[in-house]
Each structure stands twice: as C-alpha cells, then as structure tokens.
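Structures are listed in the sections that come next.
Here come two complexes built around subunit A, the first alongside subunit B, the second alongside subunit C.
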Partner chain A sequence: MTDLSAPHQPASDVRASYLAQIQRRRLYSGITLLVFVLLMVSGFNTAAARNGGGFWDGIGNFFDYPSELVLEAVSKIDQLPGHFLTYLPALIETVNIAAVATLIGALFAVILSLLATRGLAKYPRLIGVIRRFMDILRAVPDIVIALVLIFILGGGPVPAMIAIALHTVGALGKLFSEVNENADLKPIEGLSSVGANWSQRMLLGVVPQVAPNWLSYALLRFEINIRASAILGFVGAGGLGYELRNAISWGQGRYDEAAAMFLLLFITIVIVDQLSGHYRERLTHGASAKGAVA
Partner chain B sequence: MLKVDGLNKLFGRNKAVDDLTLEVDRPQFVGIIGRSGAGKSTFLRMVNRLTDASSGTLTFEGRDILALSGGEKRAWQSDCAMIFQQFNLVPRMDVVSNVLHGTLNERSTLATMFNIYPQADIYRAIDILERLGIAENAAKRAEALSGGQQQRVAIARALMQDPKMILADEPIASLDPMNAQIVMDALRRIHEEDGRMIIANLHTLDTARRYCDRIIGMRDGRKVFDGTAEQLTLGVARDIYGADASFTEEATSTDMATLKKEYA
Partner chain C sequence: MSMVADTADLRAQTARLFRRKRRAALAVPVVILVYLIYAVFAFDIPGLVQRASGDNARALMADTYSYKTHVTRDNRDASVSVSIEGERKGRYAEGTAPEWVALGETTVIDLGEGHIVTFGPETITYDIPGYGLIRATPTTTQGVVQEFPFETLPDWINSSRNRLAITTEAGRLSVTRNRSEVFRYFTGWELFFFTLDSPYHGLSVGQVASKAMSGQAGAIWSDFWNNTMWRHADVAWAIFETILMAFLGTMGAALVALPLAFLAARNFTPIATVRFAFRRFFDFVRGVDGLIWTIILTRAFGLGPLTGALAILITDTGSFGKMFSEALENVDEKQIEGLKSTGAKPLQRYRFGVIPQITPILLSQVLYFLESNTRSATVIGAITGGGIGLLLTQAIITQKDWEEVTYYIILVVVMVVAMDTISGWLRRKLIKGGDGGY
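Coming up: the complex of A and B.
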C-alpha cells in the first residue's frame, strides 16, 4: 500500500517537529494579539486626547438625551396614535424615495455587474473601468450628492432619490458581481453552443441561477435605503427626515413626536425585514417546499 | 448495551425509520445494509443525536439516550463517535488539530479559540495517527490529503474521543476500492484490538460479509434481516434491495475484480 512504501518517520520525530510548529504558531498569534491590544490602547488614548470634552467626563451624560426623550414621550403617550397618523404621509414619502431608488439602482446594478464579472463580461477589457466607476459611486457619500442636487434642482424627493439610486448602483453592482462569479458556467457554455448572443446567454444562463441572491441583496439594500432616505430629509430632501429634524432639536418640547417617528421607522424596517425574509425563503426553496414543511 | 425499541423518524408524512427494534448486547461489529433511502443514515444520526427521533426509545447501558439534552447530550456525543461519508473534517486546519477536535467536549471555548491543547493530548493524537499509518501527514492541512487519508484522520478523531462506540455512516462510499480496503481494515482492527462496538452503514454486500460479525438489513425504514453473514442468502439480499431474480451480489459491489482475487 502507498503508506508502507513511503519513507517511515518515527513518531518521536513527528512529535518534535509538530510541537516546534505549534510553538512557532503560538508565538506569531501572541505577537499579533499584543500588537492589536497596543494599537487599541494607543488609538483610544489619541482619540480621547483630541476629544474636546474628554471621553471619561462625557460618558456619564451619555444617557441624558435619550432618557429625556423617552421620559417626555412616555408622559404624552396618549398622543402617540395621533402622531402616527400625522406623520404617515411623510413616512410614505420616505419609503417611496427608498423604493424607487432601490428599483432604479438595482436595474443599473444588474447590467453593470454582468459587465464587471470575469468570465461573463461582454467586453473583458472594460471590467476594470466599470469596477472603478462603481467604486466611485460607492465612495461619494449620498448626502454629498443630495446636497449638490438640491442646490441644482431645489429641495424635494427627486434629488434624494437620485442620490440614493447612484449609491445603490455602486453597492449592489459590487455585491451582484460577486454573486455572478459563483454562477455555474456550464449552462452558459450550452447556450453559446446553440448560437445565443450575449444578452440571451445572460438572460437565460445567468439570471435564473443568481436571481434569488440578487433579490436578497436588493431587499437588504431597500432596508438600508429607507434609513438613508430618512437621513437625507435632514438636508431638505423631504419625507420623514425633514419632520424628524424639526422635532428632535433640543428644547422644543416635541420629543413625543420624535419618538413617534422613530417608532414608525422601526416598525417599517421590521415589516420590510419580515416581508423580504418571507419572499427570499420562497425564492430559494420554492413555494411548494415551504408548504410541505409548514 | 445498545437497546433500540420501536424507534420511529418521520420527515413530514414520510417514514424514514419505521418501528425499528434491535439489541446489541456486546461490542460487535455491526453492518447495516440497504439501498439509499432505507433509513440507515437516519438511524445512526439518531443514535448520535444529530437528528431527533419522532418516537420510540433508545438506551445505552440502561441510560435513556433520547432524553438527554444540553451538556449531557454533548457528553454522550463525545462517547459515541461518528465517521461520515464525506469525512467532515475542518479542511483548512492541520491534521493533528483535526484529531484533537475529538477532545473538544472537555475543552473550554477560550482554550479552543487560542488552539491550546495539553501536550499529552497532542502526543496521543500523533500516536493514534501513527497507529493508522498517517503520522507523516501530521502537520499538513486536512484538505491536502487524499480521500482515504482524510477518512483515516476522521477515524483518528473518533479514537481521540475514546468512545464507547463508533458509528460509521457509509465510511467508504466515496473512496476508491484500494482506500476503502485500508479504511475498513483500520475499523476492523480497532474493533478487534480495542473491543469497541462499531456500527457501520455499508452500501455493498461483500464488504458487510467480509468485515461484520452481524448484518442488519433495512428496507424502507424497516428491519428486514438480522443475522450473520452466512445466514444472508441471495434470496434475503434480493429482498433487502427490492430486486428481482436478475440481481446478483456483484451488482452491489464496487470492488475491483483484481482486488477481490488478491484479498479473498
């Protein structure tokens, strides 16, 4: 047998060499741990020294603002349902901005991701260019794009929508192309062999394989975009964020409204999460399989 | 020792194991045969508590195995080693670490995180690898080894657990005939030298005949045969595999004719 013909090392040698290897490895991980701890401590001290107020002095006041907010909201809890109704239109606007931005962003991300995946791309030379383009879209904060667009187009939901959509193209394009890389190339080869063109190959060979994962990432992005769209309201893009900025400023006595808006946002995110979980399950395992388990 | 009474496992409306009753009163080498889907794997997984049973009882040395939970369940799993068809090693860790995983039940999470094991355990792991003839590969990553070598690492991990019984779920189904021979020889030797109980699911009749003291035949979740290799006639085998008169024992064999002559 193979092992008997191989040169036989006595067990003591194996022991010694393995122990030496273990000790070397322990030394390396010890040094790594030490460097990590030192970096953390020195980094913390640097940050604390540069901090205007000082970390240790300020930490005690950490809960002052949230507790004030919560106390005031609790004292006016009877008005909460009314606030929910008042701010529902603003919430719908915020969710709408996020939904349109996610949809448009995802459509462009699909095209760019297919063009930026090795082995699938129509123009392999452009892969680098498209990837860098998506990097730029991701790198520029959506709030900066929104501020510029608000300056050009005036305040309102459209600049926010464009800003979030641009960021979504970059973020989803990257994630989609990573999904595409794991796609099985055999069906695509099969379609090539019958003379299908590039878009036909992508449409029939790649999309059915990767669509569930794409959708899963797109739904996750939708959640993130709801939050982003709320934040863009702070800079005048409308929706819940605008109302929240007005209510949340210190000393106006409108914390109950702010709390209502936080709750609305939270409930929305939970609903989107539950819905997307449900649909992802159906896409990956099929509607019939889920019925059988239940 | 091991006593199974009226054991059932339902997957939806499908009965994977159907009213299984058997007793192993001494450390035997038991082979379970049957075609795929007969419930062999599900039975072993229930013994190891990887899968929960739907109903029935399973006791080992008088202890109710199916009622164990939490730490007690993990302690039982440590007493009852399992070997898988696809080896189920951690591919990116070295061979000795994989073998040392057999002692995880006694280790804390913190010690595991920093990969700290007592030197005595490391020596014992290397001794077990030596016994199985793969000590030269001690420092290699598990993924760098061939299938037969990986399966022997898995056996070494099982031995490291110092288990009361070893369950082997299709241990040779993804190996070539030569490596299958080496792995089965190793299991048989462990059974004879250590006197450990071994229950192995096997695809092929000839392997079961050659290595097992006792053969249990399963079909559609039911036990349809329980006896020695001599009692397993061609008619019984046809019944286990649900085959007609054209069935011969060679049909289930993955053995090469040359090997058969050499080792018969």
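Coming up: the complex of A and C.
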C-alpha cells in the first residue's frame, strides 16, 4: 500500500531505504548460513570423533568392501543362481512380513482413521485420544517393539510383523484421516436420511470416495515396510536380513553369498518400487495430483 | 429402432459391468483372507504360541514398573549383603540395610503383611501367615534339610534335595547349599535420582530443595547427573547424538542432492543421456537399501555415529535428488527469462530466478525428512552403534533392565514428538512466509 500522507517522497530516500533493507536481509541470511555451516562442521567433527574409524581414513576404503564383494561374486559367478535359490525362501519371508504387516496395519488404520476424522467420527469426543494414540504408534521405532517381542515370543518373523504393523497403523492412520477430511459429506447425509447406521455410512458413503487414495498410500507404505522388514531381520527377526547378518559376520569367504543377497534385496526393492509407482500413478490419475510424499 | 437396440445394448453392458464389480468385491476379501491363512502357516504361528514365554512377559511387565531388593546370605561364611536388583552398583554399604532388614547374628527380614524371614546362624526360617513356619538348614553333606508344617506342599513351594524355592505375594525366598536369597518387590524405578552412596538418597523433594538453597545445588546436580545406575549424562548425550546423526545426514543429503537435481531436471539439462544417467543414479542409491549402505559404510568407517549419519546421507540423496528434480521441472520459466533479459549469467539466473521459487518446497521436504530420520537414526544407531539406539539394544540384550528400556522408549517417543512439533511449526512458518508459494 502506498503511504498517502507522504506522496512525494524523494526517490533517493526510497532507494536508500530499499538498499538498507536489502543489506539487512543479506546480513540475516549471512548469519543464518554461518550458523548452519558452523553447526554442520562442528556436528561432523563431533560425530567423527566418536566414530570407530575416522572419516578421512575411511573414505579411501569406501570401495574396498564393495569391490571385494563384486570380485568374489564374479569369480564364483557360476554359483550365483544356486545362492539365489538358497535364499529365495528368506526373501519370501521378508516380503511376507512386509505384506502381512501392511495388510493388517492398513485394516486397523482404516478403522482408526474413520474414528479420528472430524465429521465422520462415531464418537467425536475420542478424536483427540485416537490421534494421540496414533502419534505414539508412529513415534516408537519398530526396532524397539521387535526386540521386546523377540524376548517374549522368541526369534522369527512374527515379532517383526507385529512391530511393523503397529508402526503402519500409526503412519497410515494419519495419512488416511487426512484423505478422509477431503471426502464429500453429501453421500453420507443421503445415507443417514435413509436410516443407514455408522458402518453402512462409512462403507457405502466414504470408502468409495477415498479408497484409491488409501490404496495409493498403502502401496507406498509397502515399499517402506519391505526395507524395514530387511532391517529388522538384521537384528534377529528372520528373513533375508538375518541370513545377511550371518553371511557377513562369518567374515571371510562368504562374500559371494552376501553379494547374492544384496542383489536379491536390490532387485526386489526396485521391482516393488516400480510396480507400486505404476499402480499409484493409475490410482491417483485424474484425482488431484497429490505429491504422494510420505 | 436403433434407439431400442442401443438401450438393450447399454443394459447388457451395464449388467456385465455390475457382475464384474460384484465378483471383484467378493474376490478381494477372499484373496486377502487366503493370503492371511497362508501367512499363519508360513510364520508358524501354532508353533509360536507354544514357544511364547509367559514367564518372560510377566517378568518384563513387572520389571517396567517395579524393582526388587535382594537380601543375600552366603551360606559358607554366613555373611549377609543387601543390594537393589542384585547389582553391585546398587549394594548397601557393609553393615547398613533398609529399615525392613535387621542385621545381627540372626538377621530378621520383614517382607510386610506378617511375612518374616530369618537368617539364623545355622537355619533359615520363613513364617508365612495362614500357613506356618518353614525351616531350612543348608549343609555341606546332606543338601538343604527342610521342615514343613504340612506333608503335602502347595504349588508355590518348590522343594528338592538341594534347593528350596518359595514364592508368595510378599516376596520370594530361595535356599541352596551355598546361598540363601530373599527378594522383596517395590513399585517404582529404583535410585532414579540418587544412588545409595549419594548423601541425598532417601531425602524428600523438600529436603533436597532446601539443601539446594543452601549452596549444594552443584553437588546435587552432579550426583543426579552422574548417577551410575541410570547414567543420565550418557543418556542425554545419546539423545543428542541421535538428533545429530539425523541432522548431519538430512542436511548433507540435501546439499549433495541440490546440484545433482539440476542435472536430472528436463528444463536445465537438455542432454537426455546425462539426465537419464542421473535419474538412474538416484534410483540406484534409493534402491540399494539403507541396510546395505549401513553395512558397506561400517566396513569403511567403523562403528559409530558418523557411519549412521553417512548412511542416512547416502540413502536420502537418492530421495532428495528425485524430489528436487521434480520440483525444478515445475519451476516458472518467466522469472528466469526476465533475469536473462537483464543479462544475468547462468549461475545468477539459478541463484535469483530458480532458488527463491523452490526454497519453500525444498525446506519443507527437508524438514519432513529430518523428522522421520530422527526415528531412522534410532534404528540405524542400533546397528552402527551410536546414540539412543545403541543404549536401547544394550539394555534389551541384558534381558533384565526393562525399567531402563521403558525409560529409553519414553525418551525416544518424547524426542520424536518434539522433533515432529518443531519441524511442523517451522514448515508452517516457512510456507506462509515463502510468498504463499506451494
């Protein structure tokens, strides 16, 4: 807005104040940048000091392990298909853990998200409680739940599955309820006018509107869960991660098996990413092009 | 005529569509159900139910909110010691004991509700109200000689030639040839603030506050901060280390990914081969899972927080590269053209024409990743040995420090929720401040 009380301000004044403003802004961004750089450098040094090996010593060795791995795998390339077959069951277990966890997690997330959305909730008073509950499920790292459950249930895929499923409930519940908030309420009103109960209203009025977006988020979660399932295997929950740890901690001589498992994991992740990307594209096509970044 | 035919056609079509939809609506739940049934057997759930340890679950639950104090008599030299959780760090000094243990030639231990255990010079007795007096005498030749008030033993008494174990609601007594031990359970987290060797142990909040007023605040803080049981200083450092790993990894990844993203964006890199190469590079880095990077990095850099930070950095470089290049492709060309018309060089065009447009999007994505990486840093720390993840796994591996596990879990939840709140607040501010951009 132009200041009407001073319509004839000299141009030089405007210029001076503009330059001063620019200068101040430069100073502020300079200070922010300086603080950021200082934080990065000091943080880096702190982390490097606490590390087993230094950064500058290690950077030279970065390719040692991968190259040893590749060399050994190449020299025993005839055994690679055999290794693939040996570790296929472990891979299937890893994928199963992720798939079952995503399925069960998504089912509970659907129910909780409907209960936590304003306008749809059956018990509006519980919205806050359910949301906090989902926040906590999201906040607890799955590795913690998995390790505690391994103590109670013994090693195997089930602790990892439960741990990932719990995390999935929290993560998907939040995303689902954001989707639900955009649902059109008119079909629900129509259904309630003909006497539909809550579950009928949700099933017939809400689900058809939001199911494509739910599916899209669930597929994305499945991608994430495969990675999580591999990591949890590494701490003793079965599957490919567990075999990988055994192969690695043997140290010498099993690089070819480790390489086979790295390849299996890599290929699986790429395939699942591509497939789910393709289907997500199709699901959200036409619907508002949401950046499905989660 | 044709109208009628069309209508009939349409009708048949619709009927077909409905049939297909109905079949799909039925098939999907059936497929899911079949898959879940398959999973029950693939995961060996019937076997798991048998293997699951109810005792472990009970011990875990009890330990998260209560603790036990051990009173131990060495039966060979009749010496008695009292310690919390049986740990050396929690042992009472020689000749001291809590008020429910009366040390002497005959040590009398009051377990509450009338339950009295005595450690005599020769014989151990346990007086259980409503049941009677049990006597046990450890000997070197005949095992543990035991006398009970009744012939038949209830199931809470476990007796054999060399061992006697009694579990009641007040506590637990076990006698073997070499050792007699009594556990008494209390609610709470023992020694959370001060250990037994601290002069402030057992004082009320008011007493500690008044001592703090009279100039002992420093000593009080140091006793609390260096508590050997709960290691508050180490825990605080571990939390900091975890956040540091997330911060270094996320920011480093953003710094690496930004210039590379220009090379993968259609409107900044006309050469299709270069673009394709960088896109596949991002896909490769993302596809090689964080777990694999962690293993490779651990070999090169050893265990520690830096390795964790680098693992986050490499994995996120792929994700950021992809997202940044997509953001760059959506940039408005007009501003760049305007700058070009004033004679700006390419670097200046990028700095003043492109960066201001994408900053709000980039920052909000970086903040989002920072928050989710705080959680990942906990998990990666458990593998590479850094931060709160390491403390957590260490505490879980002991299989008895569940109160510490609970404490760490609460701290992790608080940490993640705090990061969530801070980054959400910053994101909202940035997006609002950034020309209402995105």
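Throughout what follows, the second predicted complex is superposed on the first by the 211 of 294 C-alpha atoms of A that agree within 3 Å, B and C clash if a C-alpha of one lies under 4 Å from a C-alpha of the other, contacts with A are read in each partner's own complex, and residues count from 1 in each chain.
Please note the rule applied: contacts are C-beta pairs under 8 Å (C-beta built on N, C-alpha and C of every residue); 3 or more make two chains touch, one makes a residue touch a chain.
Note that the structure is predicted; figures quoted are calculated from it, not measured.
Among subunit B and subunit C, the chain that touches a larger number of residues in subunit A is C.
Applying the stated contact rule after C-alpha superposition, one finds that A:I59 touches subunit C and leaves subunit B untouched. By the touch criterion defined above, A:R15 lies against subunit B but remains apart from subunit C after alignment on the C-alpha atoms of chain A. Shared-chain residue A:I31: touches no atom of subunit B or subunit C.
When the two complexes are overlaid on their common chain A, residue A:V235 makes contact with subunit C while staying clear of subunit B. When the two complexes are laid over each other on chain A, subunit A has residues 293 in contact with both subunit B and subunit C. Subunit C meets subunit A in the complex at residues 32, 35-36, 39, 42-45, 48, 51-53, 56-57, 60, 241, 244-245, 247-248, 251-252, 283, 286-292, 295-297, 299-307, 309, 323, 365, 368, 375, 378-379, 382-383, 385-386, 389, 392-393, 396, 399, 405, 409, 412-413, 416-417, 420. In the complex of the two chains, the subunit A residues touching subunit C come out as 36, 39-40, 43-44, 46-48, 50-55, 58-59, 61-62, 64-66, 92-93, 96, 99-100, 103, 135-136, 138-144, 147-148, 151-154, 156-158, 161, 227, 230-231, 234-235, 241, 244, 248, 262, 265-266, 269-270, 273, 293.
On subunit A, the positions that touch subunit B within their shared complex are 1, 3-4, 6-9, 11, 14-15, 17-19, 21-22, 25-26, 29, 292-293. Subunit B meets subunit A in the complex at residues 12, 96, 114-116, 119, 122-123, 126-127, 129-130, 133-136, 138-139, 178, 182.
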